[in-house]
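Okay, so chain A shows up in both of these, paired with chain B first and chain C after.
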Partner chain A sequence: MASAPVVRPTRNVLSDNEWRPAGGASTLGVPAMLSSRNVQLSARAFWPRSWFWIDRITDRLLDLMHLPTGWDSYGARAVKREAADRTLQLLINVLDEWSALPDLLATSDGGVLLEWFTPDQELRIDVPATGTPTMFYRGPGGTWEGDLDEGSPDVRELVFRITGS
Partner chain B sequence: MAIEPYQSPFADEVDVILDDEWLLRRVYPGFLDWEHRDPDGRPRVKAGAFQDYGEEQAVKLSYESPAMSVAIRCLVDAVTNPSELLATFGPAYGLVAITAGEARALNQGVMWRPVEGEPWHAIVFDKAVRRRKSTAQSGLALAATQRWLIVPPDPRS
Partner chain C sequence: MHASRSSRSARSVNFPTFERPPVTEVVVGLSFRTLDKLTVPLIGELWNKSLKEHFPNVEEHPTYEPPAEQFDTSIPGPGLAWQFGILPSLPRLWFLNEVGDELLQVQRNWFSCNWRRVSPKAEYGRWQPRRDAFQRWLDVFIGFVEDNKIGPLTPIQAEVTYVNHVRPSDLWTQHGQLPRFLRLAGSGAGDFLPEPEQMQVAAQYVIRDQEQPIGRLHVTAQPGIEAGTNDRIFVLTLTARGRPEDDGIAGVYKFLDRGREWIVKGFVDVTTDAAHRVWGLHG
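Up next, the complex of A and B:
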């Protein structure tokens, strides 16, 4: 695991009325729609109104939830609702307004695979419908793989290291 | 209490499937990265293309544990040609190869597991853990990116 110092991107401080709740936020008590489709995604978090990428990520997750069974030609199933919810929650927690977005892919088990890639570095996070997400990072200093928890490298720092944003 | 090391229910058939044998794998279009190409213009294969079956699908196929399907090239060549492996999946899918030796170098085992209509069918499985981890998936993807058989057309052109 590379240990080079990383400049952490600055997160803006916003006032209360600049934030909006995601569906299911406990302070509201009712889930909010994140999409005009029949399926809703929810995340127990708040994000600033200016975060343009929320809609893009939500649309992509909904696409993955509607993949046909066997989409990979080997019998894989579509992304499960729980995995999509957890992915949205995770991204709201770790990204900033201008963070580089990951490539979102489906896993064969109904989970979501997040990937940031450059030829020199890559970060992948596997978000299953249940159980602990796992993380893989390859960079100049070597590789790291394990559960995504308090002991794992900081995702936001790694994304910034890989993409510069 | 010490945790018992994982023991795969599958056998690595080193005497049946030799290290230089090519193992073919279809690649879903979403697992092709056209932003990063090799000098010949062929896309990078994402590591996600080398996932094991999901748990439900493994049970459905009567596998004792998750594994990944491949086709043994010499057996494909004996009865048809590799392009037939893509015949029912459309032109956007690709076909890549790894060698059995490359898989074994990543602590993977290879076992011939023919199924009805596919005498060439085999499985690749992780010898150390129940489901293949990202490190091994990346290694397989890196090997496959250097051994393309059928490159689909670039969807952006």
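Up next, the complex of A and C:
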């Protein structure tokens, strides 16, 4: 049979393998590469070519991985590669191609803090290099705080509510 | 409950139709409560017994997580299972026919029937054949679930998706000219700014039944490059997704018919008169 369709975890159409997005976010005619800065993130998931935000998130994570030691004046480390990998994997799982992106911040222990924020709602997810990520949500329905695990509120739904996308 | 006993097609009247619609793919799908007992070997048995003849080719794909249309403001329940470091544990199997224009997707909480245009000359088979195909194969699936006591199948959301590949024509030649066929997009140019290099648009509409929200219509337009030819295209996708309108499978078909109506009439609303002429609008 014909070549296998592109594997896309959150899409369900066949014809996605018949086209690719036009243009690159930061280059003219040269596809942006995840490995463009000699560091390759390795989220264990597939993502579709049509997700423009992958490059932006990857660039931001690579920036955080290259922070100088002591960037907070108190001896903080740069973001660890494991935390960056897990962050990318998490976002691939929860965001769609049109989703609003979170702010990504480094934490002093080498982890990544993800923040979606509006005046009425906020969602923060702390992704450490090892151990269970934690989550905080504040919105019209109340607040929720705890480990991000199988019992947590649906992050996709919360992101949709906060950002409308 | 078998679909054929619970639902008959609601034939549409007074729907706008196009002589040359740019439809590339149609997806008719259903998400349902996870069938924990539906193991991969059982899906294999389903294929071997009932699907293999029509769908001889099989592919394994990562799980599709059907987006949930929510309207309340309470904190939602659990979503994805958070297992860092491994792929989602539920496989999704694709069953393709020999030509490659029909696909069934089966996983523990998702069933869909896709039709894809495989050659430029292939004619879009219209809604009724797509609906009938979905009903036929869902009926087979539900029968298997019941016969093997791995059900009941409890519907959560139904969805219809139309993917349109809009190719360059008299309407547009550059990716900044989306407004020439899509009303949703403004011109983008101003006193200072030139025509955009490229444009993309996303919009969503609430589908209501007697004032109560029951689903959404999502419309996206994205610039793309066609594989093989490297021609510019726009991919205009309309998805109607929502909860069944009655108990059982009959409510699923009721929403699917409504969703298709929203897509067809919505397509007319969001596209321009010039595009209607190119695609041969009637009605």
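Annotations for the structure displayed:
The criterion applied here is as follows: the second predicted complex is superposed on the first by the 132 of 165 C-alpha atoms of A that agree within 3 Å, B and C clash if a C-alpha of one lies under 4 Å from a C-alpha of the other, contacts with A are read in each partner's own complex, and residues count from 1 in each chain.
The working rule: a contact is a pair of C-beta atoms (placed from the backbone, for glycine too) under 8 Å apart; a residue touches a chain by one contact, two chains touch by 3 or more.
Being a predicted model, the structure only gives us computed values, none of them experimental.
Of the two partner chains placed by superposition, only chain C is touched by A:150; chain B is not.
When the two structures are aligned on the shared chain, A:78 is found in touch with neither chain B nor chain C. Look at A:54: by the touch rule set out above, it reaches neither chain B nor chain C. With both structures placed on the common chain, the touch criterion links A:162 to neither chain B nor chain C. Look at A:115: by the touch rule set out above, it reaches chain B but stays clear of chain C. Contacts of A:62 after superposition on the shared chain: neither chain B nor chain C is touched. In the superposed pair of complexes, A:136 makes contact with chain B only, with no contact to chain C. Note on chain A: of its two partners chain C and chain B, the one contacting more of its residues is C.
Overlaid on A, the two complexes show chain B and chain C touching no common residue of chain A.
Interface residues of chain A facing chain C in the complex, by the touch rule stated above, are 1-2, 4-5, 7-15, 17-23, 44-46, 50, 86, 89-90, 93-94, 96, 98, 133, 137, 139-142, 144, 148-158, 160-161, 165. Looking at the complex, you find that chain A touches chain B at residues 71-77, 103, 105-110, 113, 115, 117, 119, 122, 124, 126, 134, 136, 138, 143, 145.
By the touch criterion stated above, chain B contacts chain A in their complex at residues 26, 28, 30-31, 33, 36, 44, 46-48, 51-57, 60-61, 68-69, 89, 93, 133-135, 138. For chain C in complex with chain A, the residues that touch the partner chain are 24-25, 27, 29, 57, 59, 61-65, 67-68, 70, 72-82, 84-88, 96, 100, 103, 105, 110, 112, 114, 116-117, 161, 163, 165, 175, 197-198, 202, 220, 222-228, 232-233, 235.
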